[in-house]
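In what comes next, chain A is part of two complexes: it sits with chain B in the first one and with chain C in the second one.
Take a look at the complex of A and B:
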């Protein structure tokens, strides 16, 4: 198991809603997305698969290149592929933008 | 030519099995009455999984929702089968026990509150062994306390099934609702095969497993009460009917003499098959009750 953290200080847009999607099942993960009390965005990942820090970084760099929001994202992961991770993140964004 | 297209009902139905635990529980309640207790944002996770290199889940795979069904107060407790096989650990067990105890407290205060248990579980979480075992004992005693005041309704819909310690919880409940896809049993097929050999029970023989553990057989034997299709509306209707019926006159686990006599009457000189057992145990009402 590995814990990974990222900061995206340039994400500033105020977000008021929160979202919870996904299940920590094999090949899947859960996302909790909520407003950050400080400026910028923070990401906290707990994954059962070690050694994929670079892949996570690439996924979140891409995610925050399109999404602007001062949020905290907590992820519990049970081996989701980068594609599934992005889909789950988009699903969470859909919930807060509703 | 415009021949009318016949779309069978099962194509249009809203599957219950395909919903996750939270959506299953929510689908049972009267619209706009449900509220989740100790939800994912409270982040009461298992403290033990991370120590063993396993990612936890923010609700520990146990979802508690309070609301109304057919106008009556009900608490639903759902286990997420996709997370650690729906297993019961310290946190999920405590959530379930506390929810049942609150329902008992409300019932004693004059507001009968039924419980619906959505069990997709292999039983105790092995990573939290002793705490899980203790949790099962607590859950059973809380369910026994509640069922004197209000019905405890178990749903096993599939596809995980309900096994191990949690099958005992299903056993003490007032009513058990199953689908054809669901399985209910004390030891799961893999466990029996592992412990007693493939000649005893072949866990890869699906026809055999469903003939013994499957919903149709369990309802046919009277060990579960209603067989419903995998349809969210039909499951919700079955739950409403059980809530409406209230506490049964006699619970299954109070019929000790009946079951003793039935077991004593089984001829063990030859291997009994599921269909024969169903015939022997079936009551004219379709269930024991």
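Take a look at the complex of A and C:
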């Protein structure tokens, strides 16, 4: 079990909706995305697989190079593949941008 | 005789050197030469006679993805065959095994085939201890025909009342998905695990027409 946090202070666009997608099951993850009350975005990851901090950072650096919402993202990961991580994040964004 | 293999099937290989890497090298770091080499069929295509398999080592992080050849397969066990196998007596008190016997007695009327995967399936097939105190039960449900959303919700409600956490995966002829997500995420798209990778879609029984559910 490992906890990882990232900050993306440049993500300042106001977001009003909340999304909850995914499930905590083998090779998958749960994402809760909600408006951040402060400026910028924050990411909180709890993962069952240790030692992948750099891979998570690469995923979120890429994600926040396109997404600029001031959100809090909570991830509960059960060993999601990088492909599933991106799909789940896209899915959460789709929900809040509807 | 070896029948057609499917994802989640456990297979016993002739030798541990029968697992090769994607580059064709005979190298598997985690198979213990003192144990019989049981591996699990991974999701993917069987191409050029190569079966995608997963190897489980003695530690949680010791997972390895490789390939093997059909000619190396000695025995196979499907999840629905493993379900009827009993764990070693000293292991039966583990929560994942208790959860399995709970489901066995509560799913008597279910007209679909199902069984354990993950560490429970592996331990039942191989006899090698793999289940831990906190292990979930990986539950595989085979649904060749479309599962009604209401039926899925009833089933999920029953499964989630089991004594331990159940990770329930539904296998259709085209892909697999989480029963929990299908039962609770209506009418949103869900994550579908196909042989070509993962996609978001809404009809697991008809991938070409994913928008109509």
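Assume the second predicted complex is superposed on the first by the 98 of 98 C-alpha atoms of A that agree within 3 Å, B and C clash if a C-alpha of one lies under 4 Å from a C-alpha of the other, contacts with A are read in each partner's own complex, and residues count from 1 in each chain.
Here, a residue touches a chain if its C-beta (ideal position, glycine included) is under 8 Å from a C-beta of that chain, and two chains touch if they have at least 3 such contacts.
Just so it is clear, the structure is predicted and the values come from calculations on it, not from any experiment.
> First (chain B), second (chain C), both or neither: which does A:34 touch?
Only chain B is touched by A:34; chain C is not.
> Between chain B (first) and chain C (second), which, if any, makes contact with A:84: first, second, both or neither?
Second partner only, chain C.
> May I ask you to decide whether A:47 touches chain B, chain C, both, or neither, giving the answer as first, second, both or neither?
Once the two structures are laid over each other on A, A:47 reaches chain B alone.
> Tell me which partner A:25 touches in the superposition: chain B (first), chain C (second), both or neither.
Touch partners of A:25: chain B and chain C.
> Is there a shared patch on chain A that both chain B and chain C touch, and which residues make it up?
Looking at chain A, the two contact sets intersect at 23, 25-26, 28, 78.
> Spell out the residues on chain A that touch chain C in their complex, using ranges where they run on.
21-23, 25-28, 49-51, 78, 81, 83-84, 87-88, 90-91, 95
> Chain A touches which residues of chain B in the complex?
Interface residues on the chain B side: 20, 39-41, 43, 50, 53-58, 61, 80, 82-84.
> Quick check on the complex: what are the chain C residues that touch chain A?
The touching residues are 61, 118, 136, 138, 167-169, 178, 180-181, 185, 188-189, 191, 193, 197-200.
> Taking the touch rule as given, give the residues of chain A at its contact with chain B in the complex, in rising order.
Touch list, chain A to chain B: 1, 18, 20, 23-26, 28-30, 32, 34, 46-48, 74, 76-78.
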